[in-house]
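Got a structure for you, written out below as structure tokens; questions coming shortly.
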Amino acid sequence: MPNFQTPLSFISDNCAGASSEVMQALLSCNSGSANPYGSDDLTMGIETKLAELFEHEVSVFLVSTGTAANSICLATLSPPWGSVYCHAQSHINNDECAAPEFFSQGAKLVSVPGIAAKIDAQELAAAVSRRVGDIHSTQPGCVSITQATELGTLYTVSEIAEIGEVCQSANIGLHMDGSRFANAVATLGCSPAQMTWKAGVKALSFGASKNGVLGAEAIVLFDQSLAQEIAFRRKRAGHLTSKMRFLSAQMDAYLKDDLWLANAHQSNLMAQRLSEGLGRHELIEILEPPQANILFCRFPLWLTQRLLDQGCSFLHDRWEEGVVRLVTSFATTDFEVDLFLQRVQAALNEA
Amino acid sequence: MPNFQTPLSFISDNCAGASSEVMQALLSCNSGSANPYGSDDLTMGIETKLAELFEHEVSVFLVSTGTAANSICLATLSPPWGSVYCHAQSHINNDECAAPEFFSQGAKLVSVPGIAAKIDAQELAAAVSRRVGDIHSTQPGCVSITQATELGTLYTVSEIAEIGEVCQSANIGLHMDGSRFANAVATLGCSPAQMTWKAGVKALSFGASKNGVLGAEAIVLFDQSLAQEIAFRRKRAGHLTSKMRFLSAQMDAYLKDDLWLANAHQSNLMAQRLSEGLGRHELIEILEPPQANILFCRFPLWLTQRLLDQGCSFLHDRWEEGVVRLVTSFATTDFEVDLFLQRVQAALNEA
Amino acid sequence: MPNFQTPLSFISDNCAGASSEVMQALLSCNSGSANPYGSDDLTMGIETKLAELFEHEVSVFLVSTGTAANSICLATLSPPWGSVYCHAQSHINNDECAAPEFFSQGAKLVSVPGIAAKIDAQELAAAVSRRVGDIHSTQPGCVSITQATELGTLYTVSEIAEIGEVCQSANIGLHMDGSRFANAVATLGCSPAQMTWKAGVKALSFGASKNGVLGAEAIVLFDQSLAQEIAFRRKRAGHLTSKMRFLSAQMDAYLKDDLWLANAHQSNLMAQRLSEGLGRHELIEILEPPQANILFCRFPLWLTQRLLDQGCSFLHDRWEEGVVRLVTSFATTDFEVDLFLQRVQAALNEA
Amino acid sequence: MPNFQTPLSFISDNCAGASSEVMQALLSCNSGSANPYGSDDLTMGIETKLAELFEHEVSVFLVSTGTAANSICLATLSPPWGSVYCHAQSHINNDECAAPEFFSQGAKLVSVPGIAAKIDAQELAAAVSRRVGDIHSTQPGCVSITQATELGTLYTVSEIAEIGEVCQSANIGLHMDGSRFANAVATLGCSPAQMTWKAGVKALSFGASKNGVLGAEAIVLFDQSLAQEIAFRRKRAGHLTSKMRFLSAQMDAYLKDDLWLANAHQSNLMAQRLSEGLGRHELIEILEPPQANILFCRFPLWLTQRLLDQGCSFLHDRWEEGVVRLVTSFATTDFEVDLFLQRVQAALNEA
């Protein structure tokens, strides 16, 4: 076995770098001067390309993080006295340090139950009808779903459409946190349109940072009446980048020749390979068959420790004792997965 | 005359791309995996390098825009009921769409007079003593100065120190918007330390985006007790980038071998060259001898129009009729300046 | 039976008027001019009186509503990136339309479980140690308990002290929403000091509006270092009343000769009388023995309807089908309670 | 001369108490129970009465302070990225500790010049057309004028209409801070309708606290589409009083038999009497002929000191050295004014 210097990292898809096509695009766009603040040609072309991809007119706003994309959308969709319905395990609820509350001037994140980190449409229908018109309570503001979820599970297209219908009945907007949008499309095999506006999504955080770019996310609005408000919210949050061409070049390369989809396929495939390899061992429990690039499983505590000692890295024991999260990325290789599986096998053999 | 395709652009230093050293650094840092959210080696090294540059212990927070850097600093230095003293012509007052007010939960920007876009220390001393302790009025929160200013002028080190003393007497912090910090150091010939903490600056927005990187600014804290608050404010604003190494690589290259200073020298030199060239014409008035990379002058209206018609681009008639702003960057060349001067000469000859 | 014009109302203690002593005090303080904004003698005397009542130095800020008192306290105790730990059934979480989130610039209300609407100290200890130092998560900000609770139950003094110890260990403040503070003291028979600062409470919303005044609540700070911040937060929320003497006169009369306690005793007694009377019927279930002036019980649906038809008023079927809430006040009389009980009896006899 | 115990106070109309009619109304409304939070009969009647007074359908929201009324209106009329145009000397700009900025999530107060503390319509027209559509700048949000102004001057009806036209052209709302609305109507002799919606006012802070009530102000909306938003903003600011009948009783008595107008006439008359009396002395300069109940004049410094020593109280030397502000109220009597004038006369005689 080669002396593998870099530790085997399954901590997060954030640990990967960027695709070579993206780096090349950065280099290419660097020559000459360009108008600042998004009035350059490259940026203006992104809207057209995303409109084609989504088969719908869109307004697009690039930002550098998913937290910014999500928070700006939510603050626009919900009034300050709104309820933002989301799953308890969602990123906006758990991992953004109350950024949505900050951006929205104190809207309230209201958890809606559902299995596998997915909002249940019936539960949502009940939630949006509670205390409507009661001045002492926040009012239906918007709904936010994550696709793929933080557990690596997926809403089916019809599940999204059911939620979309509840939103329509309640006259509130539907936001999708698509930080792993590509992974979802890759698995479901549906079109981006089917998974979004056709199912009722009004605003999408179209993620790219976790899937092969340096740091770029697109707010994609299917309801263009919100565009002006989004523009000012982005500016006031310090997310109107001056040299916007460098965000746009990333997004452009990401969209070109379906790099986004290819990267997601690779990432998903690696999670599948991990799952199959680990699933063969009796002492390991796969908690949820991976539908995207995240695998939750249960390891014996000593196994976790052994792997960490060998330089493997991944999150563990954060959700529950024994629970391990393995995340793959577009940059994960067969070699890395197999090496990890060998180490697991070796450790189990020794035990 | 060659058919110069790219228009001669003096709109903003934001129109330039990035230095090749910076692009190279991006490519270099792209291999392998790295810890996300700033816990990578490259990011952790930036603090050390800036500490050396500033000859002082510092806490450093990278963000992608100057508006973010400024607003996070101001919200940290001033309570929501604070007065943020600044010049009426400052970027935070005019060009950030009230982002500081948003971040700070409604602190009040209070203009302090002074010539050449610089706060006058005596006026500041008067301002910070008005209505102190009066519950109906915002209270002294912090001071923000811009170096170089939006007019391309500079505070001398002793002018900053005078302001620093007023801040100390009033027990409030001093922030420097250093989006063109390098240009100021290049002209003044002082050390970064002299221009900042030695003169009383507590928090600095250390700009790089306008001077050769793609999009990276550093919040540099000389008062480290503010670090934790800054960390949470950055996160909640969506400015804690996941793949932070890509911001850090830019900053690392920017600092290496004093690229920041070399770029600023070039930029300043080009403004000087423009000023000298234009100053020879009787019909053109140089409004303020350029100390950095910004030149304000007055053109006959027909001259402005003629140059625009020829594809030159620059801001004009925004401040006052006839007033033209020319901004150079690290990427501006002798050739471009001379070409512009030739066109001016030709136009004046024809008239 | 007399034709009782006024409907028998057990909707809320907010439906009652004010004690005659309070009305008299308003009249008395109306003569002559007085300094505005709380610099009048009457207002300045309130602090002394509350200091005596609480056997501790205090800073006092009068406001007109409990929502204001609570929100100002919470925004002061917790940073914007803080978790405000509270019970899911608390008023701040359910009935203030996210006012605490608005005042605090988006702090997050985090529910802590516990029976009878009371935070469990062990659960709290677990909650305050979760994700401490994790930049992606809100951090321990403060704890808020309600005494008496929204269910009419009470924390014992030692239960408060246990919570106070958790707060101290976690280095966060403890706030008490005392909108029914008097009812709690009346039942527990402890001193105000025992129930507050001696048990670790740093800031108290000392309620009076529900218990015999027109509209006045006191923020009572046992940690006076927060006083200046509270003063500015009150002003900016529009709660620094100009003719403050009229709030102070109410509070003064409320404190004088322990009117506050006498009113609470009457209110509690009437809830007790209701509970005893209703508890005799097999078809009625008392859900929680009333410790203050709120009684939750379960009525057959037809009984609820019958009583409503007869002009009785109370909240019902809001928490769960069949659940009825009866609230008494200082103004509730034996006559009213007995009349209500007679109607219940009559209805049950008919059935 | 009698030993006049109460100092002669011309500090503010806030120093006066309440009219006896108002106190009587409070007593009367105290009997029996009433629905809380404004669903009582008295409160619901206020809207009808104000609709009659203003000859227009209105939505009405009572709050306890002018700062609350103003801030809630401004936050509703302007988006967070809006400019709130006002005079530099306005109360919202100077005396509310940036409450409008807090409520509005950081909208920007932009000063518009004009003499006598009044916005000049031409200057306003220029201001609202600056940088429209420029993402880096706040956008036209709303206009706020004060009637009567902080200097005691008045807009004529046609001056308001001119401003109203500018607002209409710019498609932004016009707010009137009417904390001394009654004093203005009393002097101008116009109808409330003429001074408000007929001249383009969309939202009015209808003041009562300075003119004979304990503490009550009405937000009067002529544009009822804003009502729901105002309702939630009031609630979240802690200004939805539970025992609303006590605010309503004040307002009801204030409106009944034109008490509001009678009080204002008395107040204005006393300012007139002061002005005439003081104007006779050569050493005293009347800075602005009083149109309402505020008189600005210039006293020799020794005269100010002498009067203060004798127990007179008023604000002085706050705007400029030597400048004295005298404010009368509905409760000010001929006797008090004449006593003050005698003291001035005596002091001048001695000099």
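Observations on the model:
Each chain carries a letter (A, B, C and D) given by its place in the written order, and its residues are counted from 1.
The criterion applied here is as follows: a residue touches a chain if its C-beta (ideal position, glycine included) is under 8 Å from a C-beta of that chain, and two chains touch if they have at least 3 such contacts.
Being a predicted model, the structure only gives us computed values, none of them experimental.
The pair A-D is the one among A-C, A-B or A-D whose contacts match those of B-C for more than half of the residue pairs. Of the two chain pairs shown, C-D and B-D, the one joined by more C-beta contacts is C-D.
Taking the mean of the C-alpha atoms as each chain's centre, subunit A and subunit D sit 52 Å apart.
For this pair, subunit C with subunit D, the centres built from the Cα atoms lie 34 Å apart.
One simple way to say how far apart two chains are is to compare their mean CA positions; for subunit B and subunit D this gives 43 Å.
Across the assembly, subunit A contributes 37, 80-81, 96-99, 102, 105-106, 135-136, 232, 235-236, 240 as residues in contact with two or more other chains. Looking at the complex, you find that subunit C touches subunit D at residues 6, 9, 11-12, 14-18, 23, 26-27, 29-37, 63-69, 71-72, 96-99, 102, 209-210, 214-215, 232, 235-243, 245-247, 331.
Within the complex formed with subunit C, the subunit B residues making contact are 37, 79-81, 105-106, 135-136, 139, 229, 231-233, 235-236, 240.
By the touch rule above, subunit C contacts subunit A in their complex via residues 80-81, 94-109, 135-138.
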